Structures are given as structure tokens and as C-alpha cells.
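Each of the two complexes below includes chain A, the first together with chain B, the second together with chain C.
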Partner chain A sequence: MFKLIKRNYVYNEWFWAYVFLAVDLAWSTLFLFYPMIKGVIYSFQDIRLQNISNPHFIGFKNYINVLTDPDWWHSVKVSAVYTLGVVPMGIIIPLTISLLLAHFRRSIRDFFKAAFYLPGVVSAVIMAMTLKWIFDPMAGFMNWLLSLLGLPTQLWYSSTSEALLTLIIMNWLSSHGFNILLYSAALDRIPKSLYEAAEIDAASSWRRFWKITWPLLKPTTLYVLIISVIGSFQAFGGAFFITHGGPMKATEFLNYRIYVTFYQFGEYGVAATMSVLLMLIVIAVSLLNFKIMGSEVEY
Partner chain B sequence: MKRSLAIVITLLLALMIMSSALAVASTDTITALLPFRPNTPFGAYLGQVFNLFEQTHPGVKIKWISGGSWGDYIKKLGTMLGARQGPDVAYGNANYLFVPGRGAGLASADSLTIPDKYFTKDERLGMGAAVIGSVSIPGRGIVVWPWHLYIGGISTMIANEDILREAGFDPNKIRKNGWTIKQFLELGSKVVKDLNGDGKPDRWLFYPVNSDHMRIGIFPVYLSKKRPLLEQWTLDYFFDTKTGKLKDPELLHRAFQYLYDLVHKYKYAPAAAVSKSMGDASDAFLRGELAFVANGPDYLSTVKEHNRMVLEGQIKGKVIHAGIVPMPYLNEPGHGPIRPGLAVYGFYNFKQNPYKGDEHTKHVMEFCDFITNIVFQPILAAEGFMSPDRRLFATRYAMAANLYDTNDPSVRYWLNDMRNNALPSLSQYACVAFTKAFREAKGKWFHDSFIPALEGMIAGKLTADEAFNEVKVAAEKLPYPRVNKDKLRDITNSINKLIKEEQEESKMFK
Partner chain C sequence: MDKKEISEEEFLKRLKRTRLIRRVISGIFLLIVIIWGIISLFPMYWMFVSSFMWIGPSFTMSDIRWFPNPPTLRNYVDFFQLNAPFWIQRRPWQRWFLNSLLVALIPTLSNLIFDSMAGYSLAKLRYPGRQTIFWTIIATMTVPLFVPLIPLYKMMFDFHWINTYWALLFPGFAGVGGVFLFKQSIQTLPSSLIDAARIDAAGEFKIFWKIVLPLSKPILALMGITGFVGGWNSYFWPYLVTNSSDMFTIQVGLTGMMGAGAMGIPPGVEAYGRSFAGAALAAIPVIIIFFAFQKYFVKGITVGAFKG
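Right after this comes the complex of A and B.
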């Protein structure tokens, strides 16, 4: 009997592949797909804290309400501006640092890579609190620095016009470790022979970058671009820990709006609708990135 | 032999699993979501009470879920309720549970009744009007066991009495006589100073943050107007309970201008603090940088803890003498001192419908009775496990103001004042007189229009006129009908009845 099982299944790669996939699939179904489907169902229901025992189907009413709500579009604008501010620098800064690090020997490179990645393992709360202190308009490090240089101090996150920019600057200063690792790994994979050949052809370093490095980094750049866009559209921590969406809703990101709708207003159906719309926005922007960048990617 | 051994082992395993399952099945677990932390002295005390309950009720276990900070606790409760995983027992005040826009808002309650089923008429009379916070919602299975009374933080300010005395103001006189906005501004001119000589003020009257801008900035003008009791003590400050319209718009406009002037004209509160949190304000107060914070009286415990740590050398800083003072009021005809609000805090049973005979519900009911039993109240007071304001105990047997010894004269003043004069908040009753659609819309109005307008004004982006207009226009757009007239009539009748009961009861204590 055992021999039969052994003959038919034990050495059958497909069988074991399905077994292992089934574990992952079950996990994903339970913790990813089920909540996602439930969220989509909620988005078509009138479900809120006050009627949780009696939710009912209301068709597209939640969608109509959200899409005609000026506050929703304000949050879309805030998130879009934040994304535009954060994503390009999320590529330029890590790429520049990775290119600079490439000139050093391996041990120094590894040290700096670890140093840049370190903020990523620090608790988001600690990170936010540290940045909050640095940009504190009354007693922060940045204003102290500006005073030292004889420059006017700023209100930073206490200003309706500067708050979003401050959160963007905070992002520039604090969240590039992972992208540096990706770019460094991608740079390591580019064959040295290509640069040697270019050198023989007397190509300038600028030309070598544009003709060799950049095209071969495009798969990584596409990946970085997409995860950065997704991440910045889902930005939440800065608004939650530092600005509370203010002042005057200047930093009310989409995710923060969803949070407020869910927890403060107790409108689960509307919050679910916003989540679905956010998901559609992220998918649409990601597809656009694929469309624009994907055709030029050389794998 | 091997086969027999396998059978025996299998049977033993099955027996073990079955006995474990039976043991689990025979243990009834009550989940209690509480904002107290088990690792604090008070938490440890409650833990002992819970252990005592478990010992006297074999087979019943208490699963204590700690909610963290009050804000986190309210969010956690809301989330649990939203996920239909509400705890058996939660602690709180009806305002938090019924006000729309709060995490655990249950504003759709169609009617609220005092649970006669669990309290005799005599007991209810003993509880007096304070029992107004003790409600159950028919069909929803929410029953409350009142535990203690709490001075509404909305009408109290915590003052750094050292700063007040330095400026020539006697906090005891302020408590005794009240004080006007004019006096408050005079204090500001003496308090706001550049102490380190860098040319910028580093001591302020208050931070215009979170709710402090409301309590110290807007309410002194807006709430000092004398109004009928029903209007005075409804939690909804801004909308008329009878019409649903914005209450006294001209006065609200003046309140906006007052806050604007405090920040931009007099510069007694820093505009740059607009994005700071209540925690930041609390820290600044402990550093001696603020003369006032608007907080609940239990903040005095935080100050005491700060002082203890300073005296023991655990932290650097100065000992701060803090106390509650009333809010200043507008010294004009028709205005007067703002009376303290009073809320009933207790244990709410969420999950179960009123006892119908099942064992779990019975255990939950017994547990709530046990922890709110009057036997524990003097122990709590004597051991100092409750902050001073909580020593005005409200139990199902004695809701009237039994004033225990308190060490803090400011608290004693307030407690006496309340015992003689104040009525508890009527908020949840007035709240449910508004239509459901209006309640939901005004919750959003507050978040999406009122607070952003205030923040814009404090940050200097809007003038007081512009901010007020934004708020007014947004309020006018809220949906009609706003008031459920039938419900309002019932509510008004029941409130009047309770007020009479309170008056009768208060005679007993004079």
C-alpha cells in the first residue's frame, strides 16, 4: 500500500507543488481574497455601526455618494500631489546613491547599504515621532538649522501650504533603503564586459549610463516605480502620527480619509467603497506605468 | 503487540482531547474590554477583584482585553462592534457610546429606556437623575451598570496654579467666584513671556490644538450664554435641539473672533502649534510652558505622577501645582459662569440581550453586579486606586453624591458644586431627537467643515469671518428634516420627570 503511494505520489513533483501551493493559496484566500471580496460586497451595502445587524444592498449608491463628495476628490488630489512629489525622488535618490556606492569596494558598499536600510527596520511610530521633532515648528532641529544659517524659520507641518510638502520632504529623507538595495543588486547584475566594450569605443561616462546602465535597470525601475506609486497612494503614517490630516485637511490622504470614515464615522460601506476606488486608482496608475515603461523594458 | 499499543495510545489521546474539550466547554469566558492597564496599581487592584469573582464563580473566566489609551480604547471598541465581535463588557460613558461621529457611536437608537428589569423603583430613585446615563436599548441588548460620576472635561480647564499665582491670580478665588474673559485676557498679558531671552515667547496660555481650541477658545463665549436646561446640557453644542438649526450663529461668530484674537491679535496661543496633539499640549504643560490645558480631571493624576518622578529624581523638571478651574465666561447680560458637566461611567454589557435564562448572560450580569458592588467602592477610595474625581461614587445602590475624602481642594470644590447644583449630561436623549440622517451629516460637518475652518483660522489662512462663513454655509446645507418631533416630545417629558426626581433627591442631601 505504502509502496503504491510512494510510487504514485511521493516522487511526483506536481503533487508536491500543488500541496505547497495549496498552503499558500489557503493562506491568501483566508487573509487576502476573503477580506477583499468582503470589502467589495460591503461597498454595495448600507452597512454602518448603527445598523450592523441589518445591512442591506443599495447598488451603486455608495459609489455615487463618494464620487460626488468634494472631500473625496480633495483627498484624491492630496494623494496624487504626494505621489508626484515622492515617487520621482524615490527613483532618483536611490539610483544616485547606488551609482555612487558602486564605485566603492564591497565591504564599504555593504556598510552603506545596511546604513541606508536601517531606518526601514525602525518602528514607523518612532520614525514619525523623530521626524515630527526634526520639523517641529516651535522647537525643531530644522528651524534651529535655518536660524543658524540666518534663514527664516518655517511653520512646516503647521502651515496649510507647507504641510504636504513637509511630509514629502520627510519621505525623501527617510525611506530609500529598500530601493537602494534593489538598485545596488541590479547594478551588480550588469555584465562588466558591456562597460569594457563601451570604454574601448571611448564612450563617455554619461553616454555609458544612458546606453547601458539605464536600459538594463529599467525592469528594476519599473518595479520601484510601481511599488512606490502603490505605497504613496496608500500613504497613511505621516497623516496619522504627525498631522492628523490637517491643518485644514491639507494632508488628508485617501487612506486617512478611509480611516476616518471607518473609525470616526462608523460608515463601513462607504469606507469599503473608498477602498475599492483606491484599489482601482492604484491598478489604473500601475497599468499606465506598465504601458509607458513596460514597452521599453529589456529583460 | 504493536497494533494493541497503537490502539491504546489512540484511545488515550482521544480521551485527553475529549476531556480537554469538556473542560473548555464547561468554562464560561466573559470578555471585558477595559481602558485600564493591568500593569498599573489600579489595574492590579481590578485584577484582584476579577480573581475574586472567578474564585466565587467556579467555571467562569474573565478575559481582560486592555484597550491602551482612551482614544485607542474607543477605536478598539468601535472596531470590535463593527466586526460584530463586541466584548461582553466594556467600560465607558454613554456619551462615547451614543454620540454620532465617535468610534463606538450607536446613535441610531430609536428609544432609550432605563432598564427597570434590573433596577427597582427605589433603586432608581436612589440613583437620581444621574441614572440618565444608564440606559438600555430595547432589542439591542445593551445594559449599563453605573459605577461612578465624572466631571465633564468639556467644562473644566486644568491650570498651572504656580503660573497663576505668579501673575497675581488666586486659583481658589477663581474657583469660588468664577472669572470673566476680561480677567483671562489680563492673565494672558502677564503669563505669555520670553523666558530664555531669544526674543520669542516660550510660555503660553494654551496650545490651540485638538479640542483645546474649542474648550478654551470657542466655548467661553459660546457656552456662557444662559439657556434652558435642555439646551444647556445637551452634548450638541451647535444645533438647536428643537429646530435642528445652528444655535445662536451671531454668538458663534463672536466665539470664532475671540479665538482668532487669542492667537493672532493678543498672541497668547501659538499658531504654530495648530498641528500638535493633545499629548503635545499635555507634555508642554508638564514642562511649565502652558498655563492651561483642557482635559478631564483625571489629568491631575498625570500631574501628580510627574511630580512624584521629579521629586524622586527619575526625571528632570519642576514640580507643578495644578488644579481645576472653571472656564472664563463672557461678562455680558444673559451670560454667566459655565456649569460643569457630569457624566456617568459604568460597565456596559454589549453582547447579550437582557437575561433570558442562558448561563453566559447570567454570568455576565453577575460579573457586572460584582464589580460595581458598593462593597468595593470604599476600598477603591481608601487605597487611592481611583483618581480624586472618581471618588464621587455612583453605584446601583447609591448613585447620589457620596462625597468621600479627597485631597485636592479644587476637586472638592467641583464635587460640592455638582452635588448641590449640577445635573448630568442629557446628551444622549437630545441626541436621539435628531433624525438619523441629520445626526450622521452633522458628524461629518464637524470633521469636514468645523475643525478644518478652525485650523485654517488658527494657521492664519482664514480670517474669523471667513472661517465662520464656511462653517455656517456648510451647516445650512445639512439635510432636513433634522428633528424627530414625536421623539423630542417623549424625551422632553422624560427629562422633566427626571429633573423633578433629582430635585426631590437633592433635598435629602442638603
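Right after this comes the complex of A and C.
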């Protein structure tokens, strides 16, 4: 008797579990999982806007074409340089700011946290537009400031040699609000007793940072590192809104190259191949980060 | 023992000096934080200021002021095309804002319903396939945007959905991003409550509706607010699937006004003025939402980060 009830009850739970999942699962299957698999299939197909009705399989030909294309490797380099330029500052600035903020009263801290986070809620379109205007080579605020200080004005994003650096600087200057909040929350979680113990031992604040704060922040740093590496390898907005990948392909990020190949040239198969390769790069770099940073981290 | 060797006067002097040093250090800290605050808020300031600054075709560096002198509403007049000649086709800005509102509201509401249901299922119910589904969701969150995007775009063509509200609203109706956060949050609710209700023979749907949802108000608010802001700010999908001006959202409209994403010649400096007027109007709703619901934004960051 009891067994029967129990079995019915379990059945009931399964049934309802799938009922609750149903809509989400159906939607994700149709608009996410299926297109993802299809994207991988595209990468083995000759599929273009011109032959959209009869795509056919061509094996690894897309991969060979992409991997032997110097423009592809140029884009890999651009994205890698951008990542190397952006990620360290994306850790140093938020960490410094949140360490400084930790010295102040709660009300002051909350005020500044809000101020740092505010630019993050404004859309990427508006932010890019404003930064483009600030760095305008002819009538921009940045050049005006430089000339006020008696420094030579710059061509910023319209010069081949400075364009990528300009996008990197824009990233340094734009909001680090998200990471500041992450680090501040992590600092709040460090037990005060650890610092009191260090104070009794008369440890210098330098030592206290490296022996207590930094090791305890490591999970946060790993998280920030992986998220920002994944994000900056897939940088897109700067090229899309400001430089159009130029001048002379100087800022042609991987994602921008994929966008142009897909949307402007209609080469769906080649673009899909590039996105699959980008996915492999991102996974490889993330695993590398885990290997370097993750060995000492405990969750 | 050392304390005995210095006089009370000397001790007070030293105490005063340490206090002074502390005060100077925290003053320096405050200064650094303020300077960085000004730097990171400056773009927003400049966006609003530029919307009141007349930027003509011959605008140069020498016309730049910290504050527009005199401030003008000309950019706003230009954005709304209030004094454009009658034969010029009007920019359908009302439609842009309406479309943005729809894109921000409808998928967010449906996501709240369906993602919380899925999150509850993954957090509190036991059934075969649960772990597989959960890890599939986690794995898909790391796949680059363009992998599913290209076939999805073609799918919109095959469905004849390009340039319709179907393409704008339908694919985002339910998704995986919210499921993860709902699962993490609902997991922290005590299971004893749910078991107690089950003993009282409450139906599974009633348990979800009467117990789980009321206890999940904070995460519902968080997902609602960030979903709205995210939808309002989204530009790339609306940009891909619309091609006539009256289907644009405000973000796509601004993208077009700036000549971004296109291969043609970008517009000159005179495009900035009217674009910033539109940008200021598009930014105000999210800024108001941010100040009204500040604590939810702060909370949102710590929900998903460390419990994975």
C-alpha cells in the first residue's frame, strides 16, 4: 500500500517537473540549442546568400580556407592585443578603487558604488556614441583637453597606428562599476578578525594585503579574469559603432570580422566556421586561466 | 613596558600625529576615488551637455565649453524634426520609443513566468535528466553569440518574420540566462515548507504559486528590473531583424543616425547634436530606474557569481 503511494508520488513529481520546464525547454530548443547545432553544421557546408536554398556539405574546406587566410590571423592578433590591453586594467582599477572605498563609512561607499555603476546602465549605443564624440580628432573634448595642457593633439581612432590603442583607452575610462561591486562585496565577506589578528602582530598594510586580502580575493579575481577575457575576446561594439574595423583593418576584431562576413557578404558558412573557431579559442583561453589561477582557489 | 617611559604629554602628541597621518591618508584616498568618479561619470555628463550644445557642420575644438553657452534646445527640435519642411519624411521617433518599450517589457514579463518555473523545477524537484539539463544550460552560456545567431537569423527569414514584431519579441520569450539565477535563488528556500505543503496535499502548481513565488519576490524584482533595462538597451538583434524605420527601436534608430554598422560614409559632426538629443531621451528612463531600484542592481551581481 505504502509502496504504491510512494511510486505515484514520485511519478507526480516527474510529471510536474517537466510541466514546469516545458515552455523554457521548448523555447531554448527551438531558438537556442537547435540554432547552435545548426551553426556547427553550417561550418561544414557551402552556404551563402546566393545558394541559400541548396547548401551542400564540403567537409573541412571552410576551416582550411579560414585558417589559411592571413586576414583571419590578423583579426586573432587584434583581438588578442585588445584582450591583453584591457584585462589587466579591468582588474587593477576595480581592485584599487574597492580597496580605497573599504576605508570609508557605509554611506560614502554606497554613494560611490552607485556613481561608478551608473554609466553601466546606459546602453552600449549611447556610450559608444559619446566616447566617439569625446575622442573626435577634429572637434573632440580629448584633443581640446590636450591642447589646453599644451600637448600635441592626436588622431585617435582615425589613425591606423592609434585606433586599437584608442579603443583600449576607451575601455579603461569607461565604467568598471560591475567589477567594483564584485570586489567590494568580496571585501565585505573577509572576516574582520583576520585583520585584527594581523594588527596585533603589527603586520604592515603591504603585508596584510598580500597575506590576507589578495589570497582571499582570489576566487573573485579568477571570476573577473575569466569573464573579462571571454568578453574582450568577443569585443564588438568599438568596431561596430566607432571604427567599422578600420582604418585599414586596424581594429577588425574577430567578432566584427564574423559580422561583416555574415551580414554584409552573406557568407553564412564561412562566418559560422569563424564563430566555431572563436568558441574554441575562448574555451582554450578560459581553461588556461583556470590552470594558472585556479590551482590554489577553493570554492 | 614602553608606555611608562614616555610622558603623558608625549603620548598625546604622538596620538595626535598618528591621527593626523590617518586623516591625510584617507583624504588622499577620497581624492583618488573622487577623481576616478568624475572620470567615469564624465561621458554621461558630456552626452547630456552636448545635447544642449549647438554642433554645426563647422564645429571645431575652439567651440568647446565645459558648459554650453548659451544652452540651446535646437538639437531636440532637430531630433523631433519640429521645423523640418513638410516634404521631408519624418523620423518615426514615437514608434522607436514604443518598440523599445515593447522589447523591454514583453520578453521580460514572459521570462519572469517561465524562467521562474524552470528554475523551481531544477532547484526543488527530483527527476531523471535534471543535472543534464542544468549543465546544458550552463554550457550554452559560454557559447559565442554568433554560433546560434547566424542560423537563427536565417530562421527568421524562413518564417518570414524579418521586420515584424515576431522576430523582435518571440525568440526572447523564454530563455536560459534567467533560469540559472532563479535556480540559484530558489535553492536557498527551505525545502521543509514545500514538503509541508505537499503533506497537506496541495497541488504542485499551487505550491509554486502560493509558496515559492511569494518567497521569491526579491529575485523576481531583480530579474524584472535588469530584464527591462537589458531589453531597453539591446541593439544588435533588433538591428539585424529590422529594416524599415518604423520597426526600429530607439537604440537601432540612434545606431542609424550615427551611421554605425553600415559600410557607407559616416555622417559629419552635425549628426552628433540631434543624436545626443535622442540619446539623452533614451538614457533618462534607465537612469530613473537605476536610482529608484539601486539596491537590486547591487544585489544582482552577487546572486549568480559564487554559488555555481
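Definition applied: the second predicted complex is superposed on the first by the 264 of 299 C-alpha atoms of A that agree within 3 Å, B and C clash if a C-alpha of one lies under 4 Å from a C-alpha of the other, contacts with A are read in each partner's own complex, and residues count from 1 in each chain.
Simple rule for what comes next: a residue touches a chain if its C-beta (ideal position, glycine included) is under 8 Å from a C-beta of that chain, and two chains touch if they have at least 3 such contacts.
Quick caveat: nothing in here was measured; it's all calculated off a predicted structure.
Novice: Overlay done on chain A, so just call it for chain B and chain C: clash or fit.
Specialist: They clash: once the shared chain is superposed, the two partners overlap in space.
Novice: Determine, under the contact definition given at the top, whether A:175 touches first (chain B), second (chain C), both, or neither.
Specialist: A:175 contacts chain C only, not chain B.
Novice: Counting only touches as set out at the top, which of chain B and chain C does A:72 meet: first, second, both, neither?
Specialist: neither
Novice: Given the touch rule stated above, what does A:263 touch, chain B (first), chain C (second), both, or neither?
Specialist: In the superposition, A:263 touches chain B and chain C alike.
Novice: Return first, second, both or neither, reflecting whether A:244 touches chain B, chain C, both chains, or no partner chain.
Specialist: In the superposed model, A:244 contacts both chain B and chain C.
Novice: In the superposed model, which partner reaches more residues of chain A, chain B or chain C?
Specialist: On the superposition, C touches more of the residues of chain A.
Novice: Of the partners chain B and chain C, which touch A:44 in the superposed model: first, second, both, neither?
Specialist: So A:44 meets neither chain B nor chain C here.
Novice: First (chain B), second (chain C), both or neither: which does A:82 touch?
Specialist: After superposition on chain A, A:82 lies in contact with neither partner.
Novice: Which partner does A:138 contact after superposing on A: first (chain B), second (chain C), both, neither?
Specialist: Both partners.
Novice: Considering only the stretches 59-67, 185-193, 239-247 or 293-301 of chain C, report the one that runs into chain B.
Specialist: Looking at 59-67, 185-193, 239-247 or 293-301, the stretch of chain C that collides with chain B is 239-247.
Novice: Overlap of the chain B and chain C footprints on chain A, residue-wise?
Specialist: Shared contact residues on chain A: 52, 138, 242, 244, 262-264, 268.
Novice: Would you pull the chain B residues touching chain A in the complex into a rising list?
Specialist: Residue positions touching the partner: 75, 78-79, 81-82, 84, 101-108, 270-277, 436, 440, 443-444, 447-448, 451-453, 455-456, 458-459, 461-462.
Novice: Taking the touch rule as given, give the residues of chain C at its contact with chain A in the complex, in rising order.
Specialist: So the residues of chain C in touch with chain A come to 26, 29-30, 32-33, 36-37, 39-44, 46-47, 50, 55, 59-61, 63-64, 114-115, 117-118, 120-122, 125-128, 130, 133, 136-137, 140, 142-155, 170-171, 173-176, 179, 204-205, 208, 229, 232-236, 240, 251, 254-255, 258, 260-261, 263, 266, 269, 272, 275-276, 279, 282-283, 286-287, 289-291, 294, 297-298, 301-302, 305-306.
Novice: Help me check something: in the complex, which residues belonging to chain A touch chain C?
Specialist: The contact residues of chain A facing chain C are 10, 12-14, 16-21, 23-28, 31-36, 38-40, 42, 52, 93, 97, 100-101, 103-104, 112-119, 121-134, 136, 138-141, 143-144, 147, 153, 173-178, 181-182, 185, 219-220, 223, 230, 234, 236, 240-242, 244, 255, 258-259, 262-264, 268, 271-272, 274-276, 278-279, 282-283, 286, 299.
Novice: Note which residues of chain A are touching chain B in the complex, please.
Specialist: 48-53, 71, 137-138, 155, 157-161, 163, 242-244, 246-249, 260, 262-268
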